[in-house]
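To keep things simple, chains are lettered A, B, C, D, E and F as they appear, and every chain counts its residues starting from 1.
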Amino acid sequence: MKQPEFEPSEEVLSGETTDIYFARTIDILRREGLNQVATMEVFTSRAGLLCGMEEVKALLARVLPEDNREVWALTEGEAMESKEVVLRITAPYQSYGLYETAIGGILAHGSGWATAARECVAAARGIPIISFGARHVHPSIAGAMDYSAIVGGCAGCSSIAGARLADIEPSGTMPHTLIIVMGDTVKATIAFDKYMPPEVPRISLVDTFKDEAEESLRVAQALGEKLDSVRLDTPGERGVVTAYLVKEVRAWLDLAGFNKVKIFVSGGLDPERITYFLENEAPVDGFGVGSYISGARPIDFTADLHEVEGKPVAKRGRIPGITANPRLKRVM
Amino acid sequence: MKQPEFEPSEEVLSGETTDIYFARTIDILRREGLNQVATMEVFTSRAGLLCGMEEVKALLARVLPEDNREVWALTEGEAMESKEVVLRITAPYQSYGLYETAIGGILAHGSGWATAARECVAAARGIPIISFGARHVHPSIAGAMDYSAIVGGCAGCSSIAGARLADIEPSGTMPHTLIIVMGDTVKATIAFDKYMPPEVPRISLVDTFKDEAEESLRVAQALGEKLDSVRLDTPGERGVVTAYLVKEVRAWLDLAGFNKVKIFVSGGLDPERITYFLENEAPVDGFGVGSYISGARPIDFTADLHEVEGKPVAKRGRIPGITANPRLKRVM
Amino acid sequence: MKQPEFEPSEEVLSGETTDIYFARTIDILRREGLNQVATMEVFTSRAGLLCGMEEVKALLARVLPEDNREVWALTEGEAMESKEVVLRITAPYQSYGLYETAIGGILAHGSGWATAARECVAAARGIPIISFGARHVHPSIAGAMDYSAIVGGCAGCSSIAGARLADIEPSGTMPHTLIIVMGDTVKATIAFDKYMPPEVPRISLVDTFKDEAEESLRVAQALGEKLDSVRLDTPGERGVVTAYLVKEVRAWLDLAGFNKVKIFVSGGLDPERITYFLENEAPVDGFGVGSYISGARPIDFTADLHEVEGKPVAKRGRIPGITANPRLKRVM
Amino acid sequence: MKQPEFEPSEEVLSGETTDIYFARTIDILRREGLNQVATMEVFTSRAGLLCGMEEVKALLARVLPEDNREVWALTEGEAMESKEVVLRITAPYQSYGLYETAIGGILAHGSGWATAARECVAAARGIPIISFGARHVHPSIAGAMDYSAIVGGCAGCSSIAGARLADIEPSGTMPHTLIIVMGDTVKATIAFDKYMPPEVPRISLVDTFKDEAEESLRVAQALGEKLDSVRLDTPGERGVVTAYLVKEVRAWLDLAGFNKVKIFVSGGLDPERITYFLENEAPVDGFGVGSYISGARPIDFTADLHEVEGKPVAKRGRIPGITANPRLKRVM
Amino acid sequence: MKQPEFEPSEEVLSGETTDIYFARTIDILRREGLNQVATMEVFTSRAGLLCGMEEVKALLARVLPEDNREVWALTEGEAMESKEVVLRITAPYQSYGLYETAIGGILAHGSGWATAARECVAAARGIPIISFGARHVHPSIAGAMDYSAIVGGCAGCSSIAGARLADIEPSGTMPHTLIIVMGDTVKATIAFDKYMPPEVPRISLVDTFKDEAEESLRVAQALGEKLDSVRLDTPGERGVVTAYLVKEVRAWLDLAGFNKVKIFVSGGLDPERITYFLENEAPVDGFGVGSYISGARPIDFTADLHEVEGKPVAKRGRIPGITANPRLKRVM
Amino acid sequence: MKQPEFEPSEEVLSGETTDIYFARTIDILRREGLNQVATMEVFTSRAGLLCGMEEVKALLARVLPEDNREVWALTEGEAMESKEVVLRITAPYQSYGLYETAIGGILAHGSGWATAARECVAAARGIPIISFGARHVHPSIAGAMDYSAIVGGCAGCSSIAGARLADIEPSGTMPHTLIIVMGDTVKATIAFDKYMPPEVPRISLVDTFKDEAEESLRVAQALGEKLDSVRLDTPGERGVVTAYLVKEVRAWLDLAGFNKVKIFVSGGLDPERITYFLENEAPVDGFGVGSYISGARPIDFTADLHEVEGKPVAKRGRIPGITANPRLKRVM
């Protein structure tokens, strides 16, 4: 993945998104004329995959004074242990105190998504995972979410914004609505094939109107060699996709000579369900994961001052002074 | 709460945040010249408090043709049952098909947050709750999150953006960093009092350096009548705030004549912890809740076409035709 | 139900099916010239529905001396409490000692089946249950099993032997094999309609080749008014029959005007699954239950002598003398 | 074990015990003139020990046309895996379609019993198990049950019918009733010894009237060298047989010089209880198992057509075509 | 119960049994000349029955200055709530500081035993309980333990020392050793009857050598009208006493005309086992409880100073000043 | 540990603390003139550490006839297995029958305490444990309890009586009461230092009034080199001592140059809590354990006669004759 380009928004820079008391703190300190060099450390509440650090660095690059700053951090996408310090900032406190809220929030959400994505990727043992969860998050973060999923190891994502951040092409098949509007799966698949540029793979969704096995054969016969995959997305009301259904569709496709058509599975997937398919030897060629990644619980981060003007300090419950962590690298 | 003003972002309107396949679907339908009037229904995957509908309506108002649309919806902040249809749109499909992703996402996140907030509010039986979780979400949604918390019944929120959306003043006390930078709780409290406008309540955070009971007496003696509250936020490393600590601080304050000083509690609160304080009769005057609300799992919503050109349709797993729901009101 | 006619088999009468030690006991007592009048009581190990008593009475009527016998029993189909005495025989011991094994076995199996059937009937709250489990028991007892299911409250059974014992018509729809051999569900349904006598209801099995909703419409359109029901039997590999599938099939049938066609559900049903359908308001018109009834664990019965020549006796662990049970009626 | 001789009953051959719909299917196919060569496969729902195949083969030998049949099967007593195909029949469908019910039932009950017996045998690590459960099953299958127990590894069985099928001598000791009728354990044991042929082992049941240790010494002193074993069958009301009781009886017998008298245990035994005796080093010489074997849940089997006239077919939920299983052997 | 007479031992008065740091504290305070009037409160860690207060009062009466003391307490045998203050002492601290260890220990053990006894008494719903646990505690506290059991509601106790404290006659039957030494239960029972004074009830222990039912009849026949009770104490190795055994012994005794002979049960009893007998309607006339009472976990008590020279004080974790408890009565 | 000196009390020797029925038994046997040599074995109900045997031996040495006795026993402090025989006495029964109660009780309590102490010692992996539980047991056994804790491996104990029995110096720090009476921790620590002999280590209790970290620094600064340790005993109302608090106090002490001051932890400790400190790498130098040891459930022991006049005997549930145990050593 290319270095992503993050640009702090005006809302963040102005402090609009911060907790009010940080704005008040900066105000008080300015009036008191206090602007000591202070060292803030940020640590994670639990183990996971770090994500969001690139966006945090883009923010810090904009606000810290270039001649009086020192920033140490773990790298985007690195594993982090429970309670590990992932970021250490030394600079005049007024320059960055306002952004404690934003820094914590960017890392929390990003690491939560990337960690969940990594769990799915690990469960899938090499079978590609596509992040499909944009529909379950507020659109303002759909891009950040899908970017984090890619950092976590997903092979693709469905949102245009996320794909742009991760510098890849967005992935997608066809929605049920296209088929319903066109009235027939075969008809919709043919229209898709007719208008889409050749580099877009032809993946037909086969559970809308008819039995999945029957419909798979119908679209395969209609598109022939051009068909890349069928997607199975059987809803819970119809028993969800089972490992056996995949085998059955595979058997009918093979029996009819369509050995090259791949099978893509989606619908309520999580590491446990992915493991179920693998343990039952279902011939799946790709998984689409939605809310397990997009709805992942953010990983809380905590920021604390550990030195002020070079002197060890700490609130109760923290150890005074710098916390040793040889894994941190100087990034600024 | 005044009617909030939501303005769809350019990114959303352009389809940038959508799943790619909806963009492709609209493209195909345009080329095929298909633009039937279609009815889409959106239902919730589980019971909760509906939130995000105002933002969705602002989006629909921008994209649906004024002369050929009919929108029915539940009201922002209403309770919804599991599987209940909360939104029904009838309009030419090309006008809104692109926004299925955004609509689902806005409702999912908003309802998730509002539902969690409501659980805390219910547990607190009248004691006010302030939403403190901005630091645990990506700053792009800090405002939407705090707005949802207010919809869910919170009495205040800490982010400036959220307070603006909800048309209230942001709430806040003081962070540990202010006290650490100033070196002493009493000193920090006096500075706070000196510079803050009179309408900002004086709430002192009393767990930074000294025993909470001792520090409470110190700040009360320093500020006298002006002190509004003390905030207890004892970290887990020091045993978190217990019901007994609240009683003890209350006893020492009362013994010294500070009966009017209120006690505000924060730190890892959730409905279970709030209930614990109430069941143990701790004299708490306010709770600050963070990641229980901000990290609430989004509530998945699903959108389906149920009629095309007035004819009942459905994909497998759905009932063809309009789903009756007398609670829906026509909003457009 | 008419009084069933049971005829003890030669194998049972000869003692062939007994535990060898009863044969030896009778042998020893004959040689010792001991043939006291003894009272044997039979009690159940757990609560349930008594079944098999008619068959036991038919056996006793053949072996007890008419002029020196007294038999008290509960009635076929009565509820019995845990540890309740259900049968008391007073007669010369040599006349019946050989049959302790057979008496216990008839009651154990019969009561096990009838009790399980009753649980299903109770769960179904008035919706008829058909016993379909003959394929899961040894054919020598298929009839006794289905007879017991009817005693337990089933509305019908599939085995010819069971229906004969219970004096009803056997019930059945069509097997998957008929459809597979004929190659198409509609074709098989038409053939069924063509050859079956008019009193046999036309019930079409609609999950063999195509989607159940689609196939239901096809057979309804082919048979019109003559179609009595469709049967849903979706296998586990395809997610079993869900409450939602029933609603969906109902909706499509109604939409097409086939409101009178009933829906019959089978496949892995037990009281819990039946309750699931009712609680989810699935419009089911009949249930077919298989191995929950046919594979029900037999209810163990125990036989003990409590008096010999009018004198209270007991082995250790039993109370000497007759056990009072006012519910017993004299039957012989 | 010698090859057992099974003879299909008239009731089975006539289709009396079948599900009615198979009878109707054959009727329809006859009238339609359809009698294709079809391949039916039978697979087990769970792992276990296969039993009943000999009886099934005896049935098929009677009904399949000698010149147009091919039957592959696992062997009686072989272990089978979950979902494994255990039987494959290729023949004109009309010849065997009527017997699907009987075939499934014979295998279900037989395999259920044999599998339970095997579990007891495995737990007993070489100590012989006798099947004692005839009293808990309908007499029509007492023989089949005990035969299956022997297939599962039991060293003996109590029913005369079962022993005949398995071609062994039936096993038995003496029932409580003999002792009660004769009034004393020693008296009953002496009478048993007096009349039984010498090859029947003298096993005295010692828990009827007196303490088991005391009674064991009494019968040992009465019969001397001729006593083979004592049987402990203490009822639950008296605390069941414990490992300690066995040790205690052993100690008293040894102290009195009866080291050769064996101890046989019965009463509510199952693999867990057998393991308890072994783990507590109780000196047991034989176990009698009743309802754990006789009341074992049948193992459901399912039959499906996989080819018709050489062409792969399948209902939904099944894979079309022959299922490979190299363990099957051609038997017909 | 008469007012018990407790006499503090020399070891306690001298401070020998105290924690060393209290001895040091008194030493330091003496040297510093500090002897303020201080108020100590003692509270219980959990709910239960208070016991030991009489012994504590006897100690305080010996050490507190008569003209400068005020003692408030709950009454021996009263129920106390979790965290309730049960004792409040106001006096010069040097007079009682040394005894904090002893006061806590007396109440802890006494209340633990009395509370456990009460649980048994509650479970027995009126059937008398005898405390039999002296053999499971150090002999130095056998008396205090049995005294506490009586305070908890037991009808009697086995230790002579405990009975003396509680001012009752000790209760007992006969041990297994007497029967073993004399070689026969009947012989031992006759000897017991021959030598014991008439007021000692004749209770025979009937599980030593023979079956309990048989032995009960033997001793009843030997002693006739003089037999008060039989005691069943079947060990775990023989399945413990079951409710059914009690019924069986009762039935045989009644059948033989010994309706007046009572049945006493012992062996591993606790409230759960006692409830089992009552729920199964076993005709028990008395229970003997051992280690459930004698091995009861002590209930921890905590002592804190709440006022010094009339000024509210407290360590962290305690509320300063006197704790209101209207249930306390002034006792000194 | 030196050989402890136990002296049987008059109360025990007189039979005052025994179960009344042993007194009666001896009375009967004397009148009958029966005084056979009998062998009694005592076995434990569960595995643990044997303690109390020295006290039992002191008792037996007083009562058994020197010329007609044989005593075999395990050694004080040895591990014992479940059901293991730990003591075997052969002597005229009248000489020791009266003491069965006392022997069982001494072993039960002693072994219960020693076993619990050993569990703590094992969990602490070399960090010393001090027994602090005297306040939770009746003062009559405070010494025996602490002696047993030392046998179990504790490095010290708080009671003077226990230390005397174990021939060590008692251990102690200072109680909260000293600090409360003196009004300040530093003042109390200075007074302690002023009056205590130099060999008593200066250990200051630092949780009474102020934050533990702050108070630790204050007492360290006040006493300088003379301070041996601080003790943390934070109550549950304040969150108990956490591993993190220990680290924090350690960090502040080290930062101020007090690396030699040790940290001692107490308050509700048990093996699980001790393990928690070690697993979280808290730098603890000593643990004080209270009620986990002092309130340990006694380990029940059972005594049975196995030979009378050289002839094997046993009650039901026991094996007649001597039980082999090569680990027993002859002690008398």
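Throughout what follows, a contact is a pair of C-beta atoms (placed from the backbone, for glycine too) under 8 Å apart; a residue touches a chain by one contact, two chains touch by 3 or more.
In this text the structure is predicted, and so the values were computed from the model without any measurement.
Under the touch definition stated at the top, chain A and chain D share these contacting partners: C, F. Relative to the C-alpha centre of chain D, the farthest chain centre belongs to B.
As for how the two copies chain B and chain E face one another, under half of their interface residue numbers coincide.
Among the remaining chains, E is positioned farthest from chain A, on the basis of C-alpha centroids.
For the copy pair chain B and chain D, the superposing rotation over Cα atoms measures out at 180 degrees to the nearest 5.
With each centre defined as the average position of its C-alpha atoms, the distance from chain B to chain F rounds to 57 Å. Centroids of chain E and chain F (each the mean of its C-alpha atoms) stand 22 Å apart.
Residue positions of chain B touching 2 or more other chains: 209-211, 234, 236-238, 244, 248, 314, 316-318. Taken as a graph of touching chains, this assembly has some other topology, since it is neither a line, a ring, a star nor fully connected. Checking each pair of chains for touch leaves A-B, A-C, A-D, A-F, B-C, B-E, B-F, C-D, C-E, D-E, D-F, E-F.
In the complex of the two chains, the chain B residues touching chain F come out as 209-211, 214, 234, 236-240, 242, 244-245, 248.
Touching chain E in their complex are the following residues of chain F: 9, 11-12, 15-25, 27-29, 31-32, 34, 36, 38, 40, 52, 93, 97, 100-102, 104-106, 108-110, 112, 132, 134-144, 158-161, 163-164, 170-183, 191-192, 195-196, 200, 207-210, 234-238, 291, 294-295, 297-298, 300-301, 304-305, 308, 313-318.
Residues of chain B that touch chain E in their complex: 211, 213, 244, 247-248, 251-252, 255.
Interface residues of chain D facing chain A in the complex, by the touch rule stated above, are 312, 314, 316-321.
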